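So the structure is just underneath, and the comments pick up after that.
Note that the chains are named A, B, C and D in the order they appear, and that numbering of residues resets to 1 at the start of each chain.
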Amino acid sequence: MAGSIFGKHFCISTWGESHGKAIGVVVDGCPAGLPLSEEDIQAYLNRRRPGQSLYTTSRQEADQVEILSGIFEGKTTGTPISMAVYNTSQRSGDYSEIASYYRPGHADYTFDQKYGFRDYRGGGRSSGRETIGRVAAGAVAAKILKELGIELCAYTCAVGDIEIDREHFSREEIGKNPFFMPDREAAKRAARYVQACMEARDSCGGVVECVITGVPAGLGEPCFDKLDARLAGAVMSVGAVKGVEIGDGFAAAVAKGSTNNDVFVSRDGVIGKETNHAGGILGGISDSSTVIVRAAVKPTPSIAARQRTVNKDGENIEICIHGRHDPVIVPRAVVVIEAMAALTVADVLLDGMGAKMEHIQKIWGV
Amino acid sequence: MAGSIFGKHFCISTWGESHGKAIGVVVDGCPAGLPLSEEDIQAYLNRRRPGQSLYTTSRQEADQVEILSGIFEGKTTGTPISMAVYNTSQRSGDYSEIASYYRPGHADYTFDQKYGFRDYRGGGRSSGRETIGRVAAGAVAAKILKELGIELCAYTCAVGDIEIDREHFSREEIGKNPFFMPDREAAKRAARYVQACMEARDSCGGVVECVITGVPAGLGEPCFDKLDARLAGAVMSVGAVKGVEIGDGFAAAVAKGSTNNDVFVSRDGVIGKETNHAGGILGGISDSSTVIVRAAVKPTPSIAARQRTVNKDGENIEICIHGRHDPVIVPRAVVVIEAMAALTVADVLLDGMGAKMEHIQKIWGV
Amino acid sequence: MAGSIFGKHFCISTWGESHGKAIGVVVDGCPAGLPLSEEDIQAYLNRRRPGQSLYTTSRQEADQVEILSGIFEGKTTGTPISMAVYNTSQRSGDYSEIASYYRPGHADYTFDQKYGFRDYRGGGRSSGRETIGRVAAGAVAAKILKELGIELCAYTCAVGDIEIDREHFSREEIGKNPFFMPDREAAKRAARYVQACMEARDSCGGVVECVITGVPAGLGEPCFDKLDARLAGAVMSVGAVKGVEIGDGFAAAVAKGSTNNDVFVSRDGVIGKETNHAGGILGGISDSSTVIVRAAVKPTPSIAARQRTVNKDGENIEICIHGRHDPVIVPRAVVVIEAMAALTVADVLLDGMGAKMEHIQKIWGV
Amino acid sequence: MAGSIFGKHFCISTWGESHGKAIGVVVDGCPAGLPLSEEDIQAYLNRRRPGQSLYTTSRQEADQVEILSGIFEGKTTGTPISMAVYNTSQRSGDYSEIASYYRPGHADYTFDQKYGFRDYRGGGRSSGRETIGRVAAGAVAAKILKELGIELCAYTCAVGDIEIDREHFSREEIGKNPFFMPDREAAKRAARYVQACMEARDSCGGVVECVITGVPAGLGEPCFDKLDARLAGAVMSVGAVKGVEIGDGFAAAVAKGSTNNDVFVSRDGVIGKETNHAGGILGGISDSSTVIVRAAVKPTPSIAARQRTVNKDGENIEICIHGRHDPVIVPRAVVVIEAMAALTVADVLLDGMGAKMEHIQKIWGV
């Protein structure tokens, strides 16, 4: 496959370029009978929309979603759900300059190498706008999960070296600051940090965390389709993500077995764990505690400062990238990472429907 | 799928439990005409074999591979290659105790939850012996890559908090110490560190790195099947891995755009990069510089110290895990991670065969 | 997967209902560098458009295709091609009657059983309009194949019991009669036959054949992904198709080995076959002679005559189906079957790119 | 993929050549908790074993299956089931002659074209022995289905032009004659017919039918993964099959809508159909009546009579094929076609587990 299809059961097929007519996604495999409206999707898309703060690109896009198929009388029919967002703010500018060279940290060079040429307008398919399809589909997945009591919550836990204080964690705070940080004080410090980056014509990165509660035990397949493997692949597929952790992640590498093992405990007949270093996954299968995934996001490669690079003729040149760019991608990556986690869990959940004869008897037994 | 199949073109199907008759793999999609012998496979399997040092389980297994199909007159035929390793050292011991409770940090509880019961002998399918199939198939993938000038090299870069000194990096050293570290001094310190863990009836983790050289530009698909996404999923699927990084990984999250961007430079008409923070991948597609992937490995969950846990009746109990266990899994994970990287790159490379009409004309044109 | 995705490399994801806003398809895996325009697609869609003769439904639809992504400066970019056709002629009529019962020969009952309810307007997803996505994507596949010298030609070889005379076969004739028959006299007889059916408020079926020339030897995989198996699955997936044959098909079952075997002959060093009972495929792999596939199409289930059936309350009732229906689906199935064959061959061709090391060296070798 | 993997959920990966060490299959995706033993598998394999009558090859093979993984205490564990049959009767003869030319009707030429060379010993991977893996896996699938009340029954309905008389259909008779025909008189005539073929150093074909009862309504996906499309692809993938029909098949092409439509009737609140021209499938989805699939099998291409062909040097030659060959493949194809139908239905059934929210709530709801 050519890379724009995700999932084995809950399959999404995304399409669209930054400066094309539209961007969208087809969801094949959504179960029938789920109440779904454009409002459900729009609520997610609004979280990734540009132009919402000083710290995101000033490109103004309504990013209004249209559902073209798969819904009847307010419910999913089990057939493909096609969703599209029409591009409205493509600047008709001159792209001949950007077409002629390779921006450092971008996919210009690699697309040219792979395909022989590229749609250079606004990054084409490698633009951040590609994530619109992921988020729209993720909203559908999240709605399925919610019906089952599974909820996702993603937020920024670091901007550059400004980290949240876990003691001051507040879910309510997440939506109240432009960085989607669950710690008001950290968000204030992050604002100053990003402001300084912008003044230096530079950019910065950060870390996004997603926690998933209500996941039943038993999701994920042994071996290659472990829940953590699926999450890692899904989250690393988001542009700019350079690292993924489950539970304690790299900190586990310096821990001891005696402290890293989560002790099982039984309380009133219910089995749980005293700690959650494992991030809710043992042997690749969910253990019913909170699933925790974390992603390292690199600094925005488009910076205003002068940079050296190479043009298509193989000449060493200097460039200045103009235009609308986020000084930090992290806040807009939050909902994208949540969407990828939702898509993964929904897909793994459907994948696990036939794990035991007892399940099959429940659905198809006489 | 149920998780034991990996790859889209170079597809492997692994099978086998720790205490079953045999463990193996079927490779479907290996191109015809590759010289291949059991020696090629055995060389890889020997690198993961137990009982080779003080720091690995004393379970003695020859792990002798047998090729059952797909080879004719010394070459692959293009049809499935079936490989098996017969188990010879299963202890016929009493497993009734281990069957009755859930070991912390293991998949006992989650397998029971998923399937209703489990093969508890030696961990069953969740045993480290499952990786034999991965390594055997990885040896085939690595041989294909080698014919194309692509070479993989994996090693341990940290054991607990003992890290290698990049200044003293030596490939020759890797095979000379029990930890597969490319730094002799670090390996000595690691030995003392692990020894101390063993004496404390405890275990430790570490970090494995794999570098891949000779990768042509253009491998990887945009969006979901990015080369880094595929590598992350593949490496995270190895038991005990809790984090994956590409290039600078989490360090990129605290860098600035101006320093994290790799400058393109042209030398004698050849385009390259001055640095490689990106780890050889831009926009999910290889850029022809070295691909770098890193994995955090958790401490062995089986420790000799007394631990609290829960039994199948939901009672809180205390246990002591007896038997043969590696105090640190890291050294044995090295070849497994290399194998997964080889499988991924081979698969992505085959996936990219039809990326442009020019390729297709080369193969099928009149 | 939920069934609306086809192909392993040249992957298409179709969507849309008869009375929804639009119908379309996303093609993921089209190689970069193929010249492609809306005219290329429209030419195919026009062949399946209703309202073109006395013998097709009078529903008038322009079925104008719009390409929304994946093309830049007149060429495919290698990224997903999204295509949509907006529905314009949905009658706003009252569907409450049709919603209440199960039409014989239709999918009403089975959709209700599978999903719990259905979009009953015009057949919803099970409408013949679903094939718009197939045909649009098939046009892209056919264009790739044409660049490689592979051409497809489908036509009607029987309407009811009116068969073409192979002696009078004429490709030029195909486009000149409403049945797409390659035999003018047979077409005239078919017209009379269908006219009689219409007068009897009845419908009829027929047989469609597709021949594919220029197929290089070596396409198709052994075992499950044989070229004939892939074609059979693809063609049988077209609504109303009840049988598929390759080459002599069922006639081979009554032949002898001595006559059914195609003798290999060498002429001027070129190996060919004297006959083609096999329909261009041996052991599931193309042998470079013409590939021949044939499909049996059932009579249109919507007939004007009174029929007995059951309603949703489980009562036995009598119904009369009103509205616009083709008395024979066969002519409109012709381009759909050609499209499915094109999609299959393109996919199998891409699947076979890495069959031998020599191929891989040609693309990725140093 | 390279063609030896079948299924999306119940995935089988077959391997092995006629004259290799062994032949086998790995089943990934069998639900946990199914009682399964080697006897279950052997019963199926015995039905395809050679040397059982005058009309099958005299090659004597015990074809004893060994289960190597995936079973614990008599039940499937949900992890891969690996099964192998060791080859014991490979003649060590001289294959240099057969290696030098292309047998008409065989895959010799196409394998050479595809892969550059071939394992010519006994047909290599294109040998009928390849079906051992299919049958072993099919036995597992059939056992799952049986637990759900779904039963398969395949038989020969024609040998050459000797057809069974549907009036004399008897299931009991099937196992009592060497052709697996459900009509004793037809079997006698078939014996004489095949005898005459053998005397003429010729071979013949026939038709196999498989009926599946107890299939619940709702199996199969709309569009490309229709139940009939999946069955057609699966059955056509069996070597020597040249045509596939569902229900009335090609006879439907000459029927009228008024007679081909199956009338729905309600009896005591249960909805059924008066007839079953559709073969149990409407719109690609099972309707709870008997599923009927039929396959045309070509005459054995290996005949004793002298034949013209071409050798590898491109010279026109004459050959005589010696050795052990079935004069008619049909009887041995019966269990293979049944196995493919079982694999398909099991896979489609697992595919449909998540068709509606109600199903998902049943498995994962809180």
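In this text, a residue touches a chain if its C-beta (ideal position, glycine included) is under 8 Å from a C-beta of that chain, and two chains touch if they have at least 3 such contacts.
The model shown is predicted, which means the values in this text are computed figures rather than measured ones.
Between A-D and C-D, which chain pair is linked by more C-beta pairs in contact?
Comparing A-D with C-D, the pair joined by more C-beta contacts is C-D.
Report back the single chain whose CA centre is most distant from the CA centre of chain A.
The chain farthest from chain A, judged by C-alpha centres, is D.
If you average the CA atoms of chain B and of chain D, how many Å lie between those two points?
Once rounded, the distance between the two centres reads 38 Å.
Would you kindly tell me how far, in whole Å, the mean C-alpha position of chain D lies from that of chain A?
Centre separation, chain A to chain D: 44 Å.
With centres defined as the mean C-alpha position, give me the chain C-chain D separation in Å.
Centre separation, chain C to chain D: 26 Å.
What are the residue numbers in chain B that touch two or more other chains?
In chain B, residues 1-5, 8-9, 14, 29, 32-33, 78-79, 114-116, 125, 222, 355-356, 358 touch at least two other chains, as defined above.
Could you pull out which chain C residues touch chain A in their complex?
Listed in rising order, the residues of chain C that touch chain A are 1-5, 8-9, 11, 13-17, 20-24, 26, 28-30, 32-33, 66, 68-70, 72, 75, 77-82, 84, 114-119, 124-125.
Along chain A, where are the residues that touch chain D in the complex?
8-9, 29, 31-34, 78-79, 144, 147-149, 214, 216, 222, 349-350, 353-366
Please give the residue numbers of chain C that touch chain D in the complex, ascending.
Touching chain D from chain C are residues 1-6, 8, 14, 102, 104-107, 109-111, 113-116, 125-126, 130, 158, 160-161, 197, 200, 202-207, 217-226, 228-237, 239, 241-250, 252-258, 260-266, 269-271, 278-279, 281-288, 296-303, 305, 307-310, 314-316, 351-352, 355-356, 358.
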